[in-house]
(Lines give C-alpha, C1' and ligand atoms only; values in the text may rest on other atoms or scores of the structure.)
Protein backbone atom coordinates (compact mmCIF):
# COMPACT_ATOMS: atom_id res chain seq x y z
CA UNK A 1 0.00 0.00 0.00
CA UNK A 2 2.73 2.38 1.03
CA UNK A 3 4.89 3.98 -1.59
CA UNK A 4 7.94 3.24 0.51
CA UNK A 5 8.05 -0.53 0.94
CA UNK A 6 11.80 -0.89 0.68
CA UNK A 7 14.00 -0.13 3.62
CA UNK A 8 16.44 2.69 3.07
CA UNK A 9 19.98 1.39 2.92
CA UNK A 10 23.02 3.58 2.93
CA UNK A 11 26.37 2.59 1.49
CA UNK A 12 29.30 4.72 2.52
CA UNK A 13 32.80 4.10 1.27
CA UNK A 14 35.83 4.63 3.47
CA UNK A 15 39.52 4.12 2.98
CA UNK A 16 41.40 2.52 5.88
CA UNK A 17 43.79 4.95 7.57
CA UNK A 18 47.21 4.02 8.87
CA UNK A 19 46.19 5.23 12.32
CA UNK A 20 43.43 2.61 12.32
CA UNK A 21 45.83 -0.33 12.03
CA UNK A 22 47.57 -2.02 14.93
CA UNK A 23 50.73 -4.08 15.21
CA UNK A 24 48.86 -7.21 14.13
CA UNK A 25 48.91 -5.53 10.69
CA UNK A 26 45.13 -5.16 10.52
CA UNK A 27 42.51 -2.64 11.60
CA UNK A 28 42.13 -2.46 15.37
CA UNK A 29 38.66 -3.70 16.31
CA UNK A 30 37.29 -0.58 18.01
CA UNK A 31 37.48 1.33 14.72
CA UNK A 32 34.60 -0.68 13.34
CA UNK A 33 32.30 1.09 15.81
CA UNK A 34 33.54 4.44 14.54
CA UNK A 35 32.86 3.38 10.97
CA UNK A 36 29.38 2.20 11.93
CA UNK A 37 28.74 5.67 13.33
CA UNK A 38 29.83 7.18 10.02
CA UNK A 39 27.39 4.89 8.23
CA UNK A 40 24.61 5.76 10.67
CA UNK A 41 25.03 9.48 10.13
CA UNK A 42 25.09 9.03 6.36
CA UNK A 43 21.96 6.88 6.44
CA UNK A 44 20.22 9.64 8.37
CA UNK A 45 21.48 12.23 5.89
CA UNK A 46 20.07 10.07 3.06
CA UNK A 47 16.76 10.05 4.96
CA UNK A 48 16.89 13.85 4.97
CA UNK A 49 18.02 14.27 8.58
CA UNK A 50 21.17 16.04 9.69
CA UNK A 51 22.14 14.50 13.03
CA UNK A 52 24.20 17.61 13.75
CA UNK A 53 21.07 19.74 13.59
CA UNK A 54 19.05 17.32 15.70
CA UNK A 55 21.62 17.88 18.44
CA UNK A 56 22.05 21.58 17.89
CA UNK A 57 18.52 22.69 17.16
CA UNK A 58 16.36 20.18 18.98
CA UNK A 59 18.70 19.15 21.80
CA UNK A 60 18.17 15.50 20.87
CA UNK A 61 20.92 12.94 21.18
CA UNK A 62 20.89 9.40 19.87
CA UNK A 63 23.04 7.86 22.58
CA UNK A 64 24.50 4.39 22.16
CA UNK A 65 22.99 1.90 24.61
CA UNK A 66 24.45 -1.26 23.14
CA UNK A 67 26.92 -2.17 20.42
CA UNK A 68 27.85 -5.52 18.92
CA UNK A 69 30.26 -6.47 16.20
CA UNK A 70 31.20 -9.78 14.68
CA UNK A 71 34.55 -9.65 12.90
CA UNK A 72 34.47 -11.90 9.84
CA UNK A 73 37.77 -11.10 8.15
CA UNK A 74 40.75 -8.85 8.78
CA UNK A 75 40.65 -5.39 7.25
CA UNK A 76 43.87 -4.03 5.83
CA UNK A 77 45.52 -0.65 5.56
CA UNK A 78 44.59 1.47 2.55
CA UNK A 79 41.85 -0.80 1.32
CA UNK A 80 38.46 0.64 0.55
CA UNK A 81 35.55 -0.67 2.55
CA UNK A 82 31.82 -0.04 2.33
CA UNK A 83 29.63 0.37 5.41
CA UNK A 84 26.09 -0.75 4.55
CA UNK A 85 23.70 0.63 7.14
CA UNK A 86 19.99 0.14 7.64
CA UNK A 87 17.38 0.61 10.32
CA UNK A 88 16.29 -2.54 12.10
CA UNK A 89 13.84 -1.24 14.72
CA UNK A 90 12.30 2.13 15.47
CA UNK A 91 10.27 2.95 18.57
CA UNK A 92 9.66 6.29 20.18
CA UNK A 93 12.78 6.19 22.31
CA UNK A 94 14.73 3.30 20.84
CA UNK A 95 16.38 2.97 17.45
CA UNK A 96 18.33 -0.06 16.27
CA UNK A 97 20.70 0.14 13.33
CA UNK A 98 22.27 -2.83 11.52
CA UNK A 99 25.57 -2.76 9.66
CA UNK A 100 27.56 -4.80 7.24
CA UNK A 101 31.12 -3.94 6.41
CA UNK A 102 32.26 -5.25 3.04
CA UNK A 103 35.40 -4.99 0.95
CA UNK A 104 34.71 -2.49 -1.82
CA UNK A 105 36.47 -4.44 -4.57
CA UNK A 106 35.06 -7.91 -3.93
CA UNK A 107 32.01 -7.39 -1.76
CA UNK A 108 33.44 -9.87 0.76
CA UNK A 109 31.87 -9.55 4.19
CA UNK A 110 34.36 -8.18 6.71
CA UNK A 111 32.14 -7.54 9.72
CA UNK A 112 28.53 -7.31 10.84
CA UNK A 113 27.17 -5.27 13.66
CA UNK A 114 24.25 -3.71 15.43
CA UNK A 115 23.87 -0.69 17.65
CA UNK A 116 20.91 0.13 19.87
CA UNK A 117 20.28 3.76 20.68
CA UNK A 118 18.22 5.62 23.22
CA UNK A 119 16.88 9.03 22.33
CA UNK A 120 17.92 11.45 25.05
CA UNK A 121 17.70 15.14 25.79
CA UNK A 122 20.57 17.40 26.75
CA UNK A 123 20.42 16.12 30.34
CA UNK A 124 20.96 12.56 29.10
CA UNK A 125 17.38 11.60 30.08
CA UNK A 126 15.38 9.31 27.85
CA UNK A 127 13.23 11.34 25.54
CA UNK A 128 10.67 10.69 22.80
CA UNK A 129 11.59 11.17 19.19
CA UNK A 130 9.39 14.07 18.01
CA UNK A 131 6.85 13.13 15.35
CA UNK A 132 8.68 14.98 12.61
CA UNK A 133 11.63 12.62 13.10
CA UNK A 134 9.66 9.51 14.02
CA UNK A 135 7.77 9.53 10.73
CA UNK A 136 10.99 9.80 8.77
CA UNK A 137 12.57 6.93 10.70
CA UNK A 138 9.50 4.74 10.25
CA UNK A 139 9.42 5.53 6.55
CA UNK A 140 13.01 4.43 6.22
CA UNK A 141 12.28 1.08 7.89
CA UNK A 142 10.38 -0.23 4.87
CA UNK A 143 8.62 -3.54 5.34
CA UNK A 144 11.59 -5.30 6.83
CA UNK A 145 11.41 -3.33 10.03
CA UNK A 146 10.57 -5.53 12.94
CA UNK A 147 8.80 -2.78 14.83
CA UNK A 148 7.11 0.48 14.09
CA UNK A 149 6.71 3.71 15.95
CA UNK A 150 3.18 3.12 17.15
CA UNK A 151 2.48 -0.56 17.15
CA UNK B 1 38.62 -30.58 44.75
CA UNK B 2 40.94 -28.21 42.98
CA UNK B 3 42.92 -25.69 44.94
CA UNK B 4 41.96 -23.02 42.48
CA UNK B 5 38.17 -22.87 42.65
CA UNK B 6 37.85 -19.12 42.35
CA UNK B 7 38.04 -17.47 38.97
CA UNK B 8 40.84 -14.96 38.58
CA UNK B 9 39.48 -11.44 38.33
CA UNK B 10 41.53 -8.45 37.39
CA UNK B 11 40.71 -4.90 38.37
CA UNK B 12 42.52 -2.20 36.47
CA UNK B 13 42.02 1.46 37.18
CA UNK B 14 42.06 4.06 34.41
CA UNK B 15 41.53 7.78 34.34
CA UNK B 16 39.38 9.11 31.49
CA UNK B 17 41.37 11.16 28.99
CA UNK B 18 40.12 14.30 27.31
CA UNK B 19 40.73 12.68 23.93
CA UNK B 20 38.24 9.96 24.88
CA UNK B 21 35.31 12.36 25.26
CA UNK B 22 33.08 13.57 22.47
CA UNK B 23 30.92 16.62 22.01
CA UNK B 24 28.10 14.97 23.95
CA UNK B 25 30.36 15.62 26.95
CA UNK B 26 30.87 11.93 27.72
CA UNK B 27 33.24 9.18 26.69
CA UNK B 28 32.77 8.11 23.08
CA UNK B 29 31.51 4.55 23.01
CA UNK B 30 34.31 2.88 21.05
CA UNK B 31 36.76 3.66 23.84
CA UNK B 32 35.13 1.07 26.06
CA UNK B 33 36.50 -1.62 23.75
CA UNK B 34 39.99 -0.18 24.16
CA UNK B 35 39.61 -0.20 27.94
CA UNK B 36 38.38 -3.80 27.82
CA UNK B 37 41.57 -4.68 25.95
CA UNK B 38 43.60 -3.00 28.68
CA UNK B 39 41.74 -5.08 31.27
CA UNK B 40 42.25 -8.26 29.25
CA UNK B 41 46.00 -7.76 29.01
CA UNK B 42 46.23 -7.02 32.73
CA UNK B 43 44.19 -10.12 33.58
CA UNK B 44 46.63 -12.16 31.53
CA UNK B 45 49.57 -10.48 33.25
CA UNK B 46 47.99 -11.37 36.60
CA UNK B 47 47.75 -14.97 35.36
CA UNK B 48 51.47 -14.84 34.62
CA UNK B 49 51.21 -14.38 30.86
CA UNK B 50 52.65 -11.46 28.92
CA UNK B 51 50.52 -11.12 25.81
CA UNK B 52 53.37 -9.20 24.19
CA UNK B 53 55.60 -12.25 24.49
CA UNK B 54 52.92 -14.63 23.24
CA UNK B 55 52.88 -12.58 20.06
CA UNK B 56 56.60 -12.05 19.84
CA UNK B 57 57.96 -15.39 20.97
CA UNK B 58 55.26 -17.85 20.04
CA UNK B 59 53.66 -16.06 17.08
CA UNK B 60 50.26 -16.43 18.75
CA UNK B 61 47.59 -13.80 18.43
CA UNK B 62 44.34 -13.58 20.34
CA UNK B 63 42.28 -11.95 17.60
CA UNK B 64 38.89 -10.45 18.38
CA UNK B 65 36.06 -12.37 16.71
CA UNK B 66 33.17 -10.67 18.46
CA UNK B 67 32.67 -7.75 20.83
CA UNK B 68 29.61 -6.57 22.71
CA UNK B 69 29.08 -3.72 25.09
CA UNK B 70 26.05 -2.51 27.00
CA UNK B 71 26.40 1.09 28.10
CA UNK B 72 24.72 1.56 31.48
CA UNK B 73 25.68 5.12 32.38
CA UNK B 74 27.67 7.94 30.84
CA UNK B 75 31.36 8.13 31.71
CA UNK B 76 32.85 11.55 32.28
CA UNK B 77 36.17 13.22 31.64
CA UNK B 78 38.81 12.85 34.34
CA UNK B 79 36.89 10.36 36.43
CA UNK B 80 38.56 7.16 37.50
CA UNK B 81 37.03 3.93 36.31
CA UNK B 82 37.80 0.32 37.06
CA UNK B 83 37.73 -2.40 34.41
CA UNK B 84 36.90 -5.72 36.06
CA UNK B 85 37.89 -8.55 33.73
CA UNK B 86 37.42 -12.29 33.99
CA UNK B 87 37.50 -15.32 31.78
CA UNK B 88 34.12 -16.73 30.81
CA UNK B 89 35.02 -19.58 28.48
CA UNK B 90 38.24 -21.24 27.39
CA UNK B 91 38.55 -23.78 24.61
CA UNK B 92 41.58 -24.69 22.56
CA UNK B 93 41.02 -21.99 19.97
CA UNK B 94 38.38 -19.81 21.56
CA UNK B 95 38.59 -17.59 24.63
CA UNK B 96 35.75 -15.46 25.97
CA UNK B 97 36.38 -12.59 28.37
CA UNK B 98 33.74 -10.73 30.36
CA UNK B 99 34.03 -7.15 31.58
CA UNK B 100 32.39 -4.75 33.95
CA UNK B 101 33.26 -1.11 33.95
CA UNK B 102 32.54 0.61 37.25
CA UNK B 103 33.06 4.08 38.65
CA UNK B 104 36.03 3.91 41.03
CA UNK B 105 34.54 6.13 43.72
CA UNK B 106 31.06 4.62 43.98
CA UNK B 107 31.28 1.24 42.30
CA UNK B 108 28.36 2.19 40.07
CA UNK B 109 28.12 0.02 36.98
CA UNK B 110 28.94 2.03 33.84
CA UNK B 111 29.11 -0.70 31.22
CA UNK B 112 29.25 -4.45 30.73
CA UNK B 113 30.81 -6.30 27.87
CA UNK B 114 32.13 -9.48 26.39
CA UNK B 115 34.71 -10.26 23.77
CA UNK B 116 35.23 -13.56 21.99
CA UNK B 117 38.68 -14.32 20.66
CA UNK B 118 40.12 -16.78 18.24
CA UNK B 119 43.66 -17.96 18.72
CA UNK B 120 45.54 -17.42 15.46
CA UNK B 121 49.04 -17.77 14.14
CA UNK B 122 51.01 -15.11 12.28
CA UNK B 123 49.11 -15.93 9.07
CA UNK B 124 45.80 -15.18 10.80
CA UNK B 125 44.81 -18.86 10.65
CA UNK B 126 43.01 -20.44 13.58
CA UNK B 127 45.50 -22.14 15.83
CA UNK B 128 45.43 -24.16 19.06
CA UNK B 129 46.51 -22.62 22.29
CA UNK B 130 49.65 -24.56 23.30
CA UNK B 131 49.26 -26.58 26.51
CA UNK B 132 51.49 -24.29 28.51
CA UNK B 133 49.00 -21.49 27.93
CA UNK B 134 45.84 -23.58 27.96
CA UNK B 135 46.52 -24.85 31.47
CA UNK B 136 47.01 -21.32 32.74
CA UNK B 137 43.80 -20.11 31.12
CA UNK B 138 41.82 -23.06 32.48
CA UNK B 139 43.25 -22.50 35.94
CA UNK B 140 42.12 -18.89 35.84
CA UNK B 141 38.56 -19.92 34.95
CA UNK B 142 37.82 -21.28 38.40
CA UNK B 143 34.55 -23.11 38.79
CA UNK B 144 32.47 -20.46 37.13
CA UNK B 145 33.86 -21.19 33.70
CA UNK B 146 31.23 -22.59 31.40
CA UNK B 147 33.67 -24.67 29.41
CA UNK B 148 37.06 -26.22 29.91
CA UNK B 149 39.95 -26.94 27.62
CA UNK B 150 39.18 -30.58 26.96
CA UNK B 151 35.50 -31.22 27.31
CA UNK C 1 64.18 35.26 47.05
CA UNK C 2 61.05 33.27 46.45
CA UNK C 3 60.49 30.09 48.37
CA UNK C 4 59.45 28.37 45.15
CA UNK C 5 62.47 28.69 42.88
CA UNK C 6 62.16 25.27 41.31
CA UNK C 7 59.74 24.70 38.46
CA UNK C 8 57.06 22.13 39.16
CA UNK C 9 57.60 19.02 37.09
CA UNK C 10 55.11 16.24 36.79
CA UNK C 11 55.97 12.66 35.94
CA UNK C 12 53.10 10.47 34.87
CA UNK C 13 53.55 6.84 33.99
CA UNK C 14 51.53 5.20 31.23
CA UNK C 15 51.50 1.75 29.72
CA UNK C 16 51.27 1.57 25.93
CA UNK C 17 47.95 0.15 24.74
CA UNK C 18 47.55 -2.19 21.81
CA UNK C 19 45.15 0.30 20.22
CA UNK C 20 47.96 2.85 20.16
CA UNK C 21 50.22 0.77 17.93
CA UNK C 22 50.10 0.72 14.16
CA UNK C 23 51.19 -1.82 11.57
CA UNK C 24 54.76 -0.53 11.70
CA UNK C 25 54.79 -2.30 15.10
CA UNK C 26 55.26 0.91 17.09
CA UNK C 27 53.07 3.58 18.62
CA UNK C 28 51.30 5.72 16.02
CA UNK C 29 52.64 9.26 16.25
CA UNK C 30 49.41 11.12 17.06
CA UNK C 31 49.15 9.29 20.38
CA UNK C 32 52.08 11.26 21.75
CA UNK C 33 49.86 14.35 21.72
CA UNK C 34 47.23 12.48 23.74
CA UNK C 35 49.88 11.43 26.26
CA UNK C 36 51.14 15.01 26.49
CA UNK C 37 47.60 16.05 27.37
CA UNK C 38 47.53 13.44 30.12
CA UNK C 39 50.79 14.85 31.46
CA UNK C 40 49.48 18.41 31.25
CA UNK C 41 46.37 17.59 33.26
CA UNK C 42 48.42 15.75 35.88
CA UNK C 43 50.86 18.67 36.17
CA UNK C 44 47.91 20.97 36.78
CA UNK C 45 46.50 18.55 39.36
CA UNK C 46 49.91 18.54 41.08
CA UNK C 47 49.70 22.36 41.10
CA UNK C 48 46.34 22.04 42.83
CA UNK C 49 44.17 22.75 39.80
CA UNK C 50 41.53 20.41 38.40
CA UNK C 51 41.24 21.25 34.73
CA UNK C 52 37.80 19.61 34.74
CA UNK C 53 36.57 22.16 37.26
CA UNK C 54 38.14 25.08 35.40
CA UNK C 55 35.98 24.10 32.45
CA UNK C 56 32.89 23.25 34.44
CA UNK C 57 32.88 25.94 37.09
CA UNK C 58 34.69 28.84 35.47
CA UNK C 59 33.90 28.21 31.81
CA UNK C 60 37.61 28.41 31.02
CA UNK C 61 39.22 26.29 28.35
CA UNK C 62 42.91 25.86 27.66
CA UNK C 63 42.65 25.35 23.91
CA UNK C 64 45.62 24.05 21.93
CA UNK C 65 47.00 26.68 19.54
CA UNK C 66 50.15 24.87 18.52
CA UNK C 67 51.68 21.45 19.05
CA UNK C 68 55.12 20.10 18.17
CA UNK C 69 56.69 16.74 18.72
CA UNK C 70 60.10 15.36 17.88
CA UNK C 71 60.14 11.57 17.83
CA UNK C 72 63.48 10.29 19.11
CA UNK C 73 62.90 6.56 19.30
CA UNK C 74 60.09 4.14 18.57
CA UNK C 75 57.75 3.29 21.44
CA UNK C 76 56.57 -0.28 21.75
CA UNK C 77 53.41 -2.03 22.84
CA UNK C 78 53.05 -2.77 26.54
CA UNK C 79 56.12 -0.82 27.61
CA UNK C 80 55.83 1.70 30.38
CA UNK C 81 56.63 5.29 29.52
CA UNK C 82 56.89 8.41 31.62
CA UNK C 83 55.57 11.78 30.46
CA UNK C 84 57.60 14.53 32.13
CA UNK C 85 55.69 17.80 31.89
CA UNK C 86 56.61 21.32 32.92
CA UNK C 87 55.49 24.85 32.25
CA UNK C 88 57.67 26.84 29.87
CA UNK C 89 55.83 30.16 29.58
CA UNK C 90 52.83 31.69 31.29
CA UNK C 91 51.13 34.90 30.22
CA UNK C 92 47.61 36.04 30.88
CA UNK C 93 46.17 34.31 27.85
CA UNK C 94 48.98 32.05 26.71
CA UNK C 95 50.46 29.00 28.40
CA UNK C 96 53.28 26.90 26.98
CA UNK C 97 53.96 23.40 28.27
CA UNK C 98 57.06 21.33 27.53
CA UNK C 99 57.21 17.53 27.52
CA UNK C 100 59.70 14.73 27.51
CA UNK C 101 58.64 11.17 26.97
CA UNK C 102 61.06 8.64 28.42
CA UNK C 103 61.16 4.87 28.73
CA UNK C 104 60.32 4.02 32.34
CA UNK C 105 62.92 1.27 32.72
CA UNK C 106 65.95 3.00 31.21
CA UNK C 107 65.10 6.69 31.14
CA UNK C 108 65.89 6.76 27.41
CA UNK C 109 64.39 9.77 25.66
CA UNK C 110 61.60 8.70 23.30
CA UNK C 111 60.14 12.06 22.29
CA UNK C 112 60.13 15.74 23.15
CA UNK C 113 57.34 18.17 22.58
CA UNK C 114 55.75 21.49 23.28
CA UNK C 115 52.18 22.73 23.20
CA UNK C 116 51.02 26.34 23.21
CA UNK C 117 47.60 27.08 24.61
CA UNK C 118 45.24 30.00 24.48
CA UNK C 119 42.90 30.58 27.37
CA UNK C 120 39.37 30.84 25.99
CA UNK C 121 35.85 31.18 27.32
CA UNK C 122 32.90 29.00 26.39
CA UNK C 123 32.46 30.92 23.12
CA UNK C 124 36.04 30.06 22.14
CA UNK C 125 37.11 33.71 22.48
CA UNK C 126 40.50 34.52 23.99
CA UNK C 127 40.12 35.20 27.65
CA UNK C 128 42.39 36.16 30.54
CA UNK C 129 43.39 33.62 33.12
CA UNK C 130 41.78 34.83 36.39
CA UNK C 131 44.28 35.85 39.06
CA UNK C 132 43.53 32.83 41.23
CA UNK C 133 44.82 30.61 38.42
CA UNK C 134 47.51 32.93 37.11
CA UNK C 135 49.30 33.02 40.45
CA UNK C 136 49.33 29.23 40.63
CA UNK C 137 50.70 28.92 37.10
CA UNK C 138 53.39 31.52 37.76
CA UNK C 139 54.36 29.80 40.97
CA UNK C 140 54.78 26.54 39.12
CA UNK C 141 57.10 28.17 36.58
CA UNK C 142 59.97 28.49 39.05
CA UNK C 143 62.98 30.40 37.82
CA UNK C 144 63.27 28.57 34.54
CA UNK C 145 60.18 30.17 33.12
CA UNK C 146 60.96 32.43 30.21
CA UNK C 147 58.05 34.76 30.92
CA UNK C 148 55.89 35.72 33.84
CA UNK C 149 52.31 36.74 34.18
CA UNK C 150 52.98 40.43 34.58
CA UNK C 151 56.25 41.28 32.96
CA UNK D 1 63.66 23.85 -18.45
CA UNK D 2 61.81 21.02 -16.79
CA UNK D 3 58.34 20.09 -17.90
CA UNK D 4 57.28 19.79 -14.28
CA UNK D 5 57.85 23.22 -12.76
CA UNK D 6 54.77 23.21 -10.56
CA UNK D 7 54.79 21.38 -7.28
CA UNK D 8 52.26 18.60 -7.01
CA UNK D 9 49.53 19.48 -4.54
CA UNK D 10 46.94 17.08 -3.29
CA UNK D 11 43.55 18.06 -2.00
CA UNK D 12 41.68 15.43 -0.06
CA UNK D 13 38.25 16.01 1.37
CA UNK D 14 37.19 14.52 4.69
CA UNK D 15 34.06 14.76 6.77
CA UNK D 16 34.55 15.21 10.52
CA UNK D 17 33.49 12.16 12.51
CA UNK D 18 31.71 12.29 15.85
CA UNK D 19 34.52 10.24 17.37
CA UNK D 20 36.94 13.01 16.44
CA UNK D 21 35.21 15.63 18.58
CA UNK D 22 35.82 16.20 22.28
CA UNK D 23 33.76 17.73 25.04
CA UNK D 24 34.88 21.22 24.04
CA UNK D 25 32.56 20.63 21.06
CA UNK D 26 35.34 20.74 18.49
CA UNK D 27 37.78 18.29 16.91
CA UNK D 28 40.39 17.05 19.36
CA UNK D 29 43.79 18.31 18.28
CA UNK D 30 45.59 15.00 17.73
CA UNK D 31 43.21 14.14 14.88
CA UNK D 32 44.80 16.78 12.69
CA UNK D 33 47.92 14.61 12.54
CA UNK D 34 45.82 11.67 11.40
CA UNK D 35 44.25 13.80 8.67
CA UNK D 36 47.69 15.01 7.59
CA UNK D 37 48.68 11.37 7.18
CA UNK D 38 45.63 10.80 5.00
CA UNK D 39 46.67 13.78 2.87
CA UNK D 40 50.25 12.54 2.67
CA UNK D 41 49.20 9.11 1.42
CA UNK D 42 46.86 10.65 -1.15
CA UNK D 43 49.59 13.01 -2.39
CA UNK D 44 51.84 10.01 -2.88
CA UNK D 45 49.05 8.16 -4.68
CA UNK D 46 48.63 11.19 -6.96
CA UNK D 47 52.38 11.01 -7.62
CA UNK D 48 51.89 7.38 -8.66
CA UNK D 49 53.20 5.78 -5.48
CA UNK D 50 51.24 3.43 -3.24
CA UNK D 51 52.70 3.80 0.24
CA UNK D 52 51.21 0.42 1.12
CA UNK D 53 53.33 -1.23 -1.57
CA UNK D 54 56.47 0.65 -0.58
CA UNK D 55 56.10 -0.96 2.83
CA UNK D 56 55.03 -4.35 1.61
CA UNK D 57 57.20 -4.82 -1.44
CA UNK D 58 60.27 -2.74 -0.72
CA UNK D 59 60.32 -2.86 3.08
CA UNK D 60 60.55 0.93 3.16
CA UNK D 61 58.86 2.98 5.85
CA UNK D 62 58.45 6.73 5.94
CA UNK D 63 58.62 7.15 9.71
CA UNK D 64 57.59 10.42 11.34
CA UNK D 65 60.55 12.20 12.94
CA UNK D 66 58.84 15.48 13.71
CA UNK D 67 55.32 16.90 13.53
CA UNK D 68 54.03 20.42 14.02
CA UNK D 69 50.58 21.87 13.80
CA UNK D 70 49.25 25.37 14.28
CA UNK D 71 45.53 25.41 15.01
CA UNK D 72 43.94 28.47 13.42
CA UNK D 73 40.24 27.88 14.00
CA UNK D 74 38.07 25.24 15.62
CA UNK D 75 36.84 22.41 13.43
CA UNK D 76 33.30 21.19 13.98
CA UNK D 77 31.50 17.89 13.80
CA UNK D 78 30.13 16.87 10.39
CA UNK D 79 31.75 19.69 8.48
CA UNK D 80 33.76 18.91 5.39
CA UNK D 81 37.40 19.85 5.44
CA UNK D 82 40.10 19.73 2.78
CA UNK D 83 43.66 18.65 3.54
CA UNK D 84 46.01 20.36 1.07
CA UNK D 85 49.32 18.52 1.04
CA UNK D 86 52.59 19.27 -0.74
CA UNK D 87 56.21 18.30 -0.53
CA UNK D 88 58.50 20.87 1.02
CA UNK D 89 61.87 19.12 1.04
CA UNK D 90 63.20 15.86 -0.37
CA UNK D 91 66.58 14.40 0.39
CA UNK D 92 67.73 10.81 0.17
CA UNK D 93 66.62 9.91 3.67
CA UNK D 94 64.50 12.88 4.68
CA UNK D 95 61.15 14.04 3.33
CA UNK D 96 59.22 17.06 4.58
CA UNK D 97 55.54 17.50 3.85
CA UNK D 98 53.52 20.68 4.39
CA UNK D 99 49.79 20.81 5.06
CA UNK D 100 46.94 23.25 5.12
CA UNK D 101 43.58 22.29 6.48
CA UNK D 102 40.75 24.42 5.11
CA UNK D 103 36.98 24.45 5.47
CA UNK D 104 35.53 22.98 2.27
CA UNK D 105 32.66 25.48 1.97
CA UNK D 106 34.54 28.73 2.58
CA UNK D 107 38.21 27.91 2.13
CA UNK D 108 38.90 29.35 5.59
CA UNK D 109 42.22 28.19 7.00
CA UNK D 110 41.69 25.86 9.97
CA UNK D 111 45.21 24.61 10.58
CA UNK D 112 48.70 24.45 9.10
CA UNK D 113 51.28 21.81 9.71
CA UNK D 114 54.48 20.13 8.72
CA UNK D 115 55.83 16.64 9.19
CA UNK D 116 59.42 15.52 8.74
CA UNK D 117 60.03 11.91 7.86
CA UNK D 118 62.99 9.60 7.88
CA UNK D 119 63.14 6.79 5.38
CA UNK D 120 63.75 3.56 7.27
CA UNK D 121 63.99 -0.13 6.56
CA UNK D 122 62.10 -2.89 8.34
CA UNK D 123 64.59 -2.73 11.23
CA UNK D 124 63.79 0.96 11.74
CA UNK D 125 67.27 1.97 10.54
CA UNK D 126 67.69 5.03 8.37
CA UNK D 127 67.74 4.01 4.75
CA UNK D 128 68.09 5.73 1.37
CA UNK D 129 65.11 6.25 -0.82
CA UNK D 130 65.76 4.09 -3.91
CA UNK D 131 66.20 6.06 -7.13
CA UNK D 132 62.88 4.94 -8.55
CA UNK D 133 61.14 6.70 -5.66
CA UNK D 134 63.57 9.60 -5.29
CA UNK D 135 63.01 10.75 -8.85
CA UNK D 136 59.25 10.75 -8.35
CA UNK D 137 59.51 12.72 -5.12
CA UNK D 138 61.87 15.26 -6.70
CA UNK D 139 59.58 15.64 -9.68
CA UNK D 140 56.68 16.39 -7.38
CA UNK D 141 58.63 19.13 -5.61
CA UNK D 142 58.43 21.51 -8.57
CA UNK D 143 60.42 24.70 -8.28
CA UNK D 144 59.22 25.57 -4.85
CA UNK D 145 61.13 22.75 -3.27
CA UNK D 146 63.84 24.04 -0.99
CA UNK D 147 66.10 21.07 -1.53
CA UNK D 148 66.60 18.39 -4.12
CA UNK D 149 67.72 14.80 -3.97
CA UNK D 150 71.32 15.34 -5.07
CA UNK D 151 72.33 18.85 -4.25
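All chains are identified by letter, namely A, B, C and D, in their written order; residue positions are counted from 1 within each chain.
Following the convention adopted for this analysis, a residue touches a chain if its C-beta (ideal position, glycine included) is under 8 Å from a C-beta of that chain, and two chains touch if they have at least 3 such contacts.
No experiment lies behind these values; they were computed from the predicted model shown.
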*Compared with chain A, which chain's mean CA position is the farthest off?*
C
*Between C-D and A-C, which chain pair is linked by more C-beta pairs in contact?*
C-D
*Measure off the straight-line distance from the CA centroid of chain A to the CA centroid of chain C, and report it in whole Å.*
36
*asked:* Taking the mean of the C-alpha atoms as each chain's centre, how many Å separate chain A from chain D?
replied: 31
*Rounded Å distance between chain C and chain D, as computed from the means of their C-alpha atoms*: 26
*Return the residues of chain B touching two or more other chains; collapse runs of consecutive numbers into ranges.*
18-19, 23-24, 26, 30, 34, 77
*Touching chain D in the complex: which residues of chain A?*
15, 17-19, 34, 37-38, 41, 50-52, 77-78
*Report the residues of chain C in contact with chain D in the complex, numbered from low to high.*
23-24, 26, 29-31, 33-34, 55, 61, 63-71, 74, 124
_Can you tell me which positions in chain A touch chain C when the two form their complex?_
18-19, 21-26, 28, 30, 77
